[in-house]
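Pasting the structures here.
Same chain, two partners: subunit A is paired with subunit B first, then with subunit C.
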Partner chain A sequence: MLEARDIHFAYRPEAPILSGVSLALAPGELIGLSGASGGGKSTLGRIMAGYLHPGRGSVTSGESMSGWSPVQYLHQSSIFAVDPRWRIGRIVEEGWQPDEATRQALGISRAWYDRYPHEISGGELQRVTLLRALSPQTRYLIADEITAMLDPITQADIWRLLLARCEAGLGILAISHDAPLLARVATRTVTMQSGKLL
Partner chain B sequence: MSEAIDIPAVMLRSTGLNNRAWTLLAALTGALVIASVAMAAVLLGGFGIDADFTTRLAPPSLSRWFGTDQLGHDMLARTIHGLNVSLWVGLIAATISVLIATLLALFATTCGRWADALVSFLIDAAMGLPHLVLLILISFALGGGTAAVIIAVAVTHWPRLTRILRAEILQLRHADFIIVSRRMGKSWAYIGYHHFLPHLWPQLLVGLVLLFPHAILHEAALTFIGFGLEPSKPAIGVLLSDSMRYLMAGKWWLGLFPGLCLLMLVLCFDAIGNGLRLLADPRQEQL
Partner chain C sequence: MLLSVEDFSVSFRRYAGLLQQRLVPALQGLSFSLDRGEVLALVGASGAGKSLLAHALFDILPPNAVTTGQLVIDGSTLDQSNWPDYRGRRMGLVPQSASHLDPLARCGKQLAWAARRSGSTADPQQALARFGLDATAAKAFPHQLSGGMARRMMLAMATIGKPDLIVADEPTSGLDPDNAAVVLGHLHQLADAQKGVLLITHDLAQALPFATRVAILRDGRLVDIEPASAFTGAGAALKSDYARRLWQSMPQNGFLTHA
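Moving on, here comes the complex of A and B:
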């Protein structure tokens, strides 16, 4: 269980982003997190993935924190999540050796492996970061708007794969503006408004 | 009524070379010129250093391209010797400067807030002082000579590069792809080598090459006003200050050619620096 308890967070003390948020993500569960822009969705995602430290409250994943982290985060702008001086092949294989089936299911071509991140499209890069995160050691995935910039067919392919992984025990927190999408894929949906879960 | 709107295609340069190729060609030419100066100085040996009183103050001619000075030295040979001295002084001083900059930047970014504040203060203090005054003071305090010039140039040229490196390291440390690497279980040693270094070495290399012209010009300036290299050394600064006495008598070649050659050397380093910057960044490949 990935559990965030009573999270408070603020970049500046006078403007709190999160005030007392608690959320628990079980293995095999797909929680959809929606809400207006600037409501703190991404901040909550980054805190649960360990990218940011909460001002108050705690995040526990029930597993040891050394080595590959059981919680992986997918940035909504994947260009920030890859080293601009690395080629795609090296990026994909930095953490683990992805299997061919997953690579093909995500529509990732080997021809991209020689290119730099700025030489493939945003949607292609988004899939590359997804493949990189889908190691068997990943127990929970925080997916921040990962299909917003993809065409409908690729979107469907990716969600089909993620739902299959979910059935196999992967816990997913899907952050999105797209309420119909979340309604279709999520086990349950929560809405965030000005730093609180409704 | 319809009229086709004609949008003219962008005219491509007819040489078939793009900006990138031009920059790299310039860098290569610069490197060749610098290498041939160093080689020529070795090949010349004592020529241009030993006096020859039979041909004093001869103007430029086909046999003596740059003319001769008051002691009958061939000015072309003397200029090449001078440039060679400048190269060595520049190389040593610039390398020491880059080392200082690297150590200070690492210190500022890894040893906590007080270290960062201290280094920032040092940068501001060093950049706030007039460069040349500091150079003269240090060189004078150390008693002049080659070692004094090298130390003076080395300890005054680190602030700019330190500032660049510090900013780059700070930016990288908070970059998402570094956190991603951490979350994939990579050690700081791995991240330092595989993520930080590829971003930092181009800065270091370009910084080193672009420090060269500064070091060379300041060495010449120090020597010109008499606080630098020994007057017996065939340095460009010495040649220029010697030429002052004869310029009024119409011996223009004594100052013009060494000055032009110094300018050429500096431009060569500039071209190499630009070429390296282009080569080092994959995002610049299409430019």
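Moving on, here comes the complex of A and C:
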């Protein structure tokens, strides 16, 4: 169980971003997180993945946090999540050797492997960072608007794969504005507004 | 005719080995036009070349890109000599990625640069308010804004000079439905004011109520251009098979059972 308890966060004390948020994600569960932009969704995701430290409150996962993190965060702007000097092949294989089936299910071509991040499209790079995160050691996935830049066909392909992973025990927190999408994929959906879960 | 794209292609020069070069095609033989008063939605799979077209229109392709064909705006063919007169003045770009913002300057300052470049006397506060942003957002550095706020900031920058042509690359990605409707509504208003809007988007459902026509790009080629009204029901009115598959794969429609 990946559990965030009573999380408070602010960059500046007069402008709190999260005020007392608690959320628990079980293995095999897919929680949808929606809400207005600027409400703190991504900040909560980054805190749960350990990228940001809460001012107050705690995050526990019951997993060893050394080495490859069992909680992987997928950035909504994937260009910020990759080293611009690395070729795609090196980025993909940073944490594990992806199997062919997963690579193909995500529609990732080997022809991209010798290119740099700026030489493939935004949606292609989004899938590259997803493949990198899907190591067998990943127990929880924080997916921040990961299909927001993808066409409907590719989006359906990716969610077909993620739903299968979820059935096999991966816990997924899907941050999205796409209500019809969350209605299709999520076990339950929570809404965030001005730093609080409704 | 505001914008006319004539047999336009983009390819990338790549080295195969040390001395041999080859051209990898990315956009191939694109031809379409955009009238004043129109919102043309450009949709297609990722990697189809949607953003490349936006970057080509503003001459910000990577240095190894090679283009052929012509981009004509208001009767003038865009080239190195007149791009500076159009770019950021008579045509505005809303980029796809927040990495296009200067990470070292406060957003308000970057908005002021955009206003000065276009000779606009518009009130920056108003430009921000139009997209639901306030003075706090102006004081922030780009990394302190949420994804959706950064996108709205880039919209304010692109539209503050009231350009004739607005190219918006995924302007609603990361926005909640209310804010997305505000943004698309504003783009639609610009079209009503006889501007031209090229709306690059993956989100067909969201774009349809605001678009006049929908151009579909696949693997670097234009598949076809459909009137927005043809996307309805099971998609029987759509001319191309690919358009119908896009339509049917949406979560609102068939989703996982198609594609």
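We adopt the following convention: the second predicted complex is superposed on the first by the 198 of 198 C-alpha atoms of A that agree within 3 Å, B and C clash if a C-alpha of one lies under 4 Å from a C-alpha of the other, contacts with A are read in each partner's own complex, and residues count from 1 in each chain.
By our rule, contacts are C-beta pairs under 8 Å (C-beta built on N, C-alpha and C of every residue); 3 or more make two chains touch, one makes a residue touch a chain.
Since the model is a prediction, treat every value here as computed from it, not as a measurement.
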| item | value |
| --- | --- |
| Partner chain(s) touched by A:1 [first = subunit B, second = subunit C, both, neither] | neither |
| More subunit A residues in contact - subunit B or subunit C | C |
| Which of subunit B and subunit C A:118 touches, first, second, both or neither | both |
| Touching partner for A:49 - first (subunit B), second (subunit C), both, neither | first |
| Partner chain in contact with A:80 - subunit B first, subunit C second, else both or neither | both |
| Subunit B versus subunit C as contact partner of A:37, first or second or both or neither | second |
| First, second, both or neither for A:160, with subunit B first and subunit C second | second |
| Subunit B versus subunit C as contact partner of A:95, first or second or both or neither | first |
| Partner chain in contact with A:26 - subunit B first, subunit C second, else both or neither | neither |
| Contacts of A:149 with subunit B and subunit C, given as first, second, both or neither | second |
| Shared contact residues on subunit A - subunit B and subunit C | 80, 118 |
| Subunit C - residues contacting subunit A, complex | 12, 43-52, 62, 96-99, 136, 144-149, 151-152, 170, 173-180, 202-205, 245-247, 249-252, 255-256, 258-259 |
| Of all residues in subunit B, those that touch subunit A in their complex | 175-177, 179-181, 183-186, 195, 198-199, 281-283 |
| In the complex, subunit A residues that touch subunit C | 11, 15, 34-39, 41-42, 76-77, 79-80, 118-124, 126-127, 144-145, 148-157, 159-160, 163, 177-181, 183-184 |
| Subunit B contact footprint on subunit A (complex, rising order) | 49-51, 66-69, 71-73, 75, 80-86, 94-96, 116, 118, 132 |
